[in-house]
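Lettered A, B, C, D, E and F in written order, each chain numbered from 1.
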Amino acid sequence: MMATLRQSPIAATIAFDEDGVRHGFLRLPYSRDDSAWGSVMIPITVAKNGEGPTALLTGGNHGDEYEGPIALFDLARSLKTEDVSGRVIIIPAMNYPAFRAGTRTSPIDKGNLNRAFPGSPDGTVTQKIADYFQRTLLPMADIVLDFHSGGRTLDFVPFAAAHILSDKNQEAASFAAVAAFGAPFSMRMLEIDAIGMYDTAAEEMGKVFMTTELGGGGTATALTAGIAKRGVANVLRHAGILHGTVEAAETRWLNMPSGECFTFAEDEGLIEPLVDLGQPLRRGDVLARVHPVSHTGAEPIVFQTKLDGILAARHFPGLVKAGDCIAVVGVTE
Amino acid sequence: MMATLRQSPIAATIAFDEDGVRHGFLRLPYSRDDSAWGSVMIPITVAKNGEGPTALLTGGNHGDEYEGPIALFDLARSLKTEDVSGRVIIIPAMNYPAFRAGTRTSPIDKGNLNRAFPGSPDGTVTQKIADYFQRTLLPMADIVLDFHSGGRTLDFVPFAAAHILSDKNQEAASFAAVAAFGAPFSMRMLEIDAIGMYDTAAEEMGKVFMTTELGGGGTATALTAGIAKRGVANVLRHAGILHGTVEAAETRWLNMPSGECFTFAEDEGLIEPLVDLGQPLRRGDVLARVHPVSHTGAEPIVFQTKLDGILAARHFPGLVKAGDCIAVVGVTE
Amino acid sequence: MMATLRQSPIAATIAFDEDGVRHGFLRLPYSRDDSAWGSVMIPITVAKNGEGPTALLTGGNHGDEYEGPIALFDLARSLKTEDVSGRVIIIPAMNYPAFRAGTRTSPIDKGNLNRAFPGSPDGTVTQKIADYFQRTLLPMADIVLDFHSGGRTLDFVPFAAAHILSDKNQEAASFAAVAAFGAPFSMRMLEIDAIGMYDTAAEEMGKVFMTTELGGGGTATALTAGIAKRGVANVLRHAGILHGTVEAAETRWLNMPSGECFTFAEDEGLIEPLVDLGQPLRRGDVLARVHPVSHTGAEPIVFQTKLDGILAARHFPGLVKAGDCIAVVGVTE
Amino acid sequence: MMATLRQSPIAATIAFDEDGVRHGFLRLPYSRDDSAWGSVMIPITVAKNGEGPTALLTGGNHGDEYEGPIALFDLARSLKTEDVSGRVIIIPAMNYPAFRAGTRTSPIDKGNLNRAFPGSPDGTVTQKIADYFQRTLLPMADIVLDFHSGGRTLDFVPFAAAHILSDKNQEAASFAAVAAFGAPFSMRMLEIDAIGMYDTAAEEMGKVFMTTELGGGGTATALTAGIAKRGVANVLRHAGILHGTVEAAETRWLNMPSGECFTFAEDEGLIEPLVDLGQPLRRGDVLARVHPVSHTGAEPIVFQTKLDGILAARHFPGLVKAGDCIAVVGVTE
Amino acid sequence: MMATLRQSPIAATIAFDEDGVRHGFLRLPYSRDDSAWGSVMIPITVAKNGEGPTALLTGGNHGDEYEGPIALFDLARSLKTEDVSGRVIIIPAMNYPAFRAGTRTSPIDKGNLNRAFPGSPDGTVTQKIADYFQRTLLPMADIVLDFHSGGRTLDFVPFAAAHILSDKNQEAASFAAVAAFGAPFSMRMLEIDAIGMYDTAAEEMGKVFMTTELGGGGTATALTAGIAKRGVANVLRHAGILHGTVEAAETRWLNMPSGECFTFAEDEGLIEPLVDLGQPLRRGDVLARVHPVSHTGAEPIVFQTKLDGILAARHFPGLVKAGDCIAVVGVTE
Amino acid sequence: MMATLRQSPIAATIAFDEDGVRHGFLRLPYSRDDSAWGSVMIPITVAKNGEGPTALLTGGNHGDEYEGPIALFDLARSLKTEDVSGRVIIIPAMNYPAFRAGTRTSPIDKGNLNRAFPGSPDGTVTQKIADYFQRTLLPMADIVLDFHSGGRTLDFVPFAAAHILSDKNQEAASFAAVAAFGAPFSMRMLEIDAIGMYDTAAEEMGKVFMTTELGGGGTATALTAGIAKRGVANVLRHAGILHGTVEAAETRWLNMPSGECFTFAEDEGLIEPLVDLGQPLRRGDVLARVHPVSHTGAEPIVFQTKLDGILAARHFPGLVKAGDCIAVVGVTE
């Protein structure tokens, strides 16, 4: 028999079940050296109008990915009650301490929120956030959109994505949401290692779940922020929550069929990319060279692609460390 | 009367005046807690062949700018004695401690090398490096090329640049080098605040000096690394040091005529760019919005351009702090 | 079936069951980078004389609260065998690493000792301390006095307190101890969230348990240190362990009946208090204003009390962060 | 001959010589790892109306002293053009980086602003701020009020103060301003070590200069914030800049005639104060005891006053380090 | 019933079951702020030739102990397929992040690998390494040799050691391996607190397990590195894996029969050793004095040995902290 | 004309010119975030008896070198007035903040005291200490003994040393003091780079100056501490300050005639020493090998001696960084 979990210490300062648009906080008590009775205040907006499905929209699952927070702070501010049928729950920055620090993980506990599910009500701050989504927010939702980008250390061609699932109805509904989003690329993901992910938590509850990778490097551009803003509106329209029709956009479907898509560094150095994101690749093409930096005159290490496809993701910082992922090749359909 | 300065503590492990290609170090003694008799070892390559002018080529003046180091580690490795007439001195990473840390300034003393000139032989590590360039390397040079990019917090359209100088012959020679480099953009810079710059140190000695801004964000792309590699070869050919002819490339000339080119933030927030680098701008166009992040529902601050031109530079990280430069508009000729 | 816990790694260097006054340590092995075979040495004094009840006296549960340590280092030094009937166990600084650092939580593991119960013999240093109290020291005790104050970030009117308990005999004995202590204020506390507290651990074993909040700000005054010294002597006399009669002192009884007692900040700023500790309040009175600090000229946020009472606690540092508790109103009987 | 100093890099975003109330910034360019083209933005308000004297009002010279910033953010917001004859320049937080960090010195360069005068235009951030006051703001002023309190590590009885000066007219004008301020205590200070102080910089220019110590501990109370707000208004009225008459208040005059006023610790420990601020003292009275904390059972070190007077200042944190000032006795007139 | 553990996330880049000598990595995915898709790359060599027993050889269990890594990097490089009958698995630096940092514990999670067994596949980085040894590497081994030394804070006379075990056949085989190693000293260890140790993990699987302490201080000498190199070759020869005969060496057997072998400091200070490692001791001899350092003129604390024997281990750094182990006396047979 | 320097802010709490043995402090005011009116308290002992020369004895010039502090804390405690003719000034830990931190340089300002002379009365804490020695203590002295050892990163054969000086009388007196000290080795040093050294400051005032290197690694042994204790007594006897005769001891004289004595690393790795301190060397002997640590299977870098002699000093930590000094060969006479 499973033990009954303690109640979440997180309290929302606004109601989830009243019509209207409300801006408030998820207040998470956090006692610490610089505030004995302090809290983490995670901004939240709930927009509700009558009956209808609930969309749960999140950014900042990783704190250094910006297209989601831009689209969601903007949406939270501009959404009006009369635009909505059903309910939209918006948390623009899930791992709020990480978002304020501009880091992938939480500065409080180094927690990677997307590996912290199902979380715990008496664990670390990050685990408490995961637990609140697991037990309070996800159960309210019908459709879940979680924005990601590459963060400070990776860069992606902009794509929306969903997972290949055992429940094919759920899978189809998820890919339909991906298509509605309308990113330049769309990805069918086969998750190898799903432990601890928010994605998995949502999918195991039977929710329609989709995510994105819309760029990276710890920045956003006008182009990628625009994709995010249009995409989230499209998904809400697709779900019948936001009035209006989906704004059509062309997309290319990608796969990452095997571990051969990934290239890892075995030694540190200065990376010289020889291919840019989105460029076509033939097996054997040189992706990048890594120059040793302790001496001049040393030969660089050469990395070649093992597959035909396009360059879908790449290491972002100019220096590479042993074990870093240098490049990911996506296979186009 | 000026006091005689102490000799530099830096020693080169290779000769500057012998024919051939030599790889070695500038050894800078640096006693510290984790190495009582330790040193900073700055890689250097000298390629010399007979008589002829000397080019001094540098990257990593700021440690998080990568096109220069890529082009120069590559050049240092591949240059052969017989390719050269005269001398090429290559230091791919001037502020080597900063380069290894991937930071603009030195992790040892927070020194910004490009504000540390003329330096000092008994100052900080950064000041010692500046002093060695000031008194040992710059005097050897006829033409000086110092690579920059935006680093982790700025991003630029790729350009080569030189300063408007009082000596018009020197200025003309410098702009000729810029033109030979062949970046997509070329900039005529009027330095307002030249105190402490390597540029100024070189120019005051009457050297032909040019620099670049070839991208940013703390990364390099295949595109920008390629511009750097072609550019440095072109400049060496233009100077008659490397055999062969300059590889022609189209460039657009830019100016930054006044302080109105620059836009600064007065409060922190999440930046939503509305224009990307290189896009044309008309006065009054919205460059970016900055969303407050402590609450949802708050109005963003809107930043408009004060000039016609193109977006030449932008703030890179997704979060903005009070006082950050958000955007720079370049005026095209 | 519950697993048998491993034995505590903590060893006391003095005996608990021999007559006399002994000063020693709880030695907690702590292997770390700067001491492979190191230990945390927690000072302890045991004073025993014949038969009689055992009092367990503790300060420094939070490391930045000073009235308890002052009273207990003083008592430990001055107590004589002949003063006692029974036993007094004194640990002036429970979370000793936190106490030496002057911080609420442990610098070793960021552990908040008062949220670490029942602890664990193979957990972090803080969890090991909790486990030793849980399984070794609390079982020895009849009456438990744990000193608290506000620490560096809160300030309180000086009060002693006990919890409202389901066992009314235990509750009555606890409030009798509070009354004997004789602080200027006395508090009946209804614990909402008792998970992990030392209080709860003691109460669940059926001990008479009392605590205090005697000031704060990370300091002590002659006034509050005097209250602590008189109070602990009174409690020992009340328990029949120390000879002599309780020194009578006037007290006012307070309650915190609901969440309306607490006021939290939703944004950061500079706090301007408009009421001082102990002052009477009527519902609607302005407690404090919080001035934005990124600009001059901005309106402050105004915080009003939701209840009649007195100001019982307040935020201490001059700057407030989002989520901080600004003020607590106590309701007088 | 003295070298001509470089121009200050600091620029004010508002005018000093136009009528009206303006809120803006002193923008100090500060290039660093997390912002290549970043700035420190120091809030400033200028209120001007016609001809008349100029008052320069400052807080946050040390970043953890709060009465000044409270009074000045409040004054800056509430002051109206028509209230003023002449000019009021308000910088609520001089060492703004220190103020935002809540620390005495700057987190950027550990600079103690009040020991950084006359500063330097090409020194550290703190030296640049000092230089801007030295060469730009102080010359504009007729009367200068610089707020101090004890900060996180000291606590004072609330007093206003000025220095004993060689120019007796200047001294008399300064003490008249102190009297107008109307703090509970007023102090005649004989500066032993005036090197680097803002006070000295102002006095050497012949300005009427006064300062305060209004409490401490890194907090403010309703009482001390009220003293600051009334005091600054009184000084402006006294100077004829603010309309209305000085609000009379009783004050006691204090002196610190010799080094015997000060008591220093020679070893670390836990401080037990035996006298509170403002209490009368006779020579030989015990001020405090310092308990060793590595063992129980050790004798405390006893500190006695060497003079008759009152306790004017005290060490604030509960732990004392070797060399800390434990107490200052003020001699009443 | 025990839950099935998740598969280890660690993947070896080389095969364990093919003949030949292979150099590769254990790749441990480690997502973090500075590398979203990064990994820890732990170097490994497998040398295999036909049938025969498997030796598992490890160093760097603690990251600041160097004789093991020296002997094993050297062996990994120089071992040839034809030298071997059976298999040698060499991981010169088990806790590779700690080894690169030169610290006892991991800089990532402060994990002490030798207290982390059996580890966990979804725990910290250190726990993942322990789990991989527990479930993947140890089961492959017949004989296990784990090198230790004193690290930066302890120094030992050089000895090899095994534990007194309940399985006397296993114990005898282990002591035979110790004897074959041929260190100047050999130790029979009775483990009091075996929780979490690699030793225990290996022994509980019935493996022949031996370890060493070959010096310390965070350094190695020509003498101790030579002992390690000869010792590992001897053990492999003894096991019949490496061809050739054991190189005989004299050894003295030591015991640590009781807690009286250990001397601990109760206060901090400057340690003056009066006996050096290996010197004979009689009960009552002064081992060391600890001088207080806050004043001159204070008496040192004197530490005497409680047993006859030799000085087998000592505190290394010049300063002692309360709780540090100062000296260990070994009893000779 | 040289500017008059400001008076030192350091005050001694004891008299230098009264007979008797006095223990006190050099009190250096140091205002900082954690103590607004704090000080650094440097322990000092002055022993004086009638007329006679003054010896200035110092340890802890570098904070991680322990033989000097051991000998001098011991001497300060045990010296009696009647033992002395003249005066002994003992500062066991010159750079007291570094000594308490156990680091070469000061944790306050990273100052290397032995490169900070002549110092400055208004510079950093380290510069203030240097200035006090320069202008207050050195002028009092006739003979100066400054203890050094290798610290945490170097290890030396134990030697006493003095410099080759232009004043041959001064040089002879200095070498006579070295001979009297009686270390196992004695060194004639030719200082190449004397800038900022305490040695130079003393020598330029014409003092008899000697120093030592008595071991290293951040520890002391019974052997090296004994050398220091005997040596300082011998020097005081030699100078006629301490009664009794010099205790004779054999010594070997060493030289370091050229830069060929020193061997530096050009890349990082794991050092395997092949020679121990004091062992004889012939030109071409292998001193050490440095193993790359990012892979197994890589060839080590081999370092050979360029001179005949003995190994006089070596790199201490197990890991080497680029630029570290690996070994120093001393040439025996």
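Keep in mind that, in the parts below, a residue touches a chain if its C-beta (ideal position, glycine included) is under 8 Å from a C-beta of that chain, and two chains touch if they have at least 3 such contacts.
Bear in mind the structure is a predicted one, so any value in this text is a computation, not a measurement.
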| Set of chains adjacent to chain E and to chain F | A, D
| request: Could you tell me the least number of steps, going only between chains that touch, from chain A to chain D? | output: 2
| message | Among the chains here, which has the CA centroid at the largest distance from chain F's centroid? | response | A
| Of all other chains, the one whose Cα centre sits farthest from chain C | B
| field | Cα-centroid distance, chain C relative to chain F, in whole angstrom | value | 49
| note | So, in whole Å, the Cα centroid of chain B is separated from that of chain C by 58
| Distance-wise, how many Å sit between the C-alpha centres of chain B and chain F, to the nearest whole number? | 43
| chain F, residues touching no fewer than two other chains | 41, 64, 266, 294-295, 317, 322
| task | Using the contact definition from the top, classify how the chains connect: line, ring, star, complete or other. | result | other
| remark: Contacting chain pairs, sorted by label, are A-B, A-C, A-E, A-F, B-C, B-D, B-F, C-D, C-E, D-E, D-F, E-F
| message | For a test of understanding, state which residues of chain A touch chain C in their complex under the given definition. | response | 6, 9, 25, 27-28, 30-41, 122
| field | Interface residues, chain E side, partner chain C - complex | value | 62, 64, 103-105, 110, 112, 115, 150-154, 193, 195-196, 264, 266, 317, 321-325
| Quick one: in the complex, what on chain A touches chain B? | 21, 23, 41, 43-45, 64-66, 69-70, 73-74, 76-77, 90, 92-93, 99-100, 102, 155, 217-223, 225, 270-276, 279, 291, 293-300, 316-319
| chain B touches which residues of chain C in the complex? | 266-268, 294-295, 322
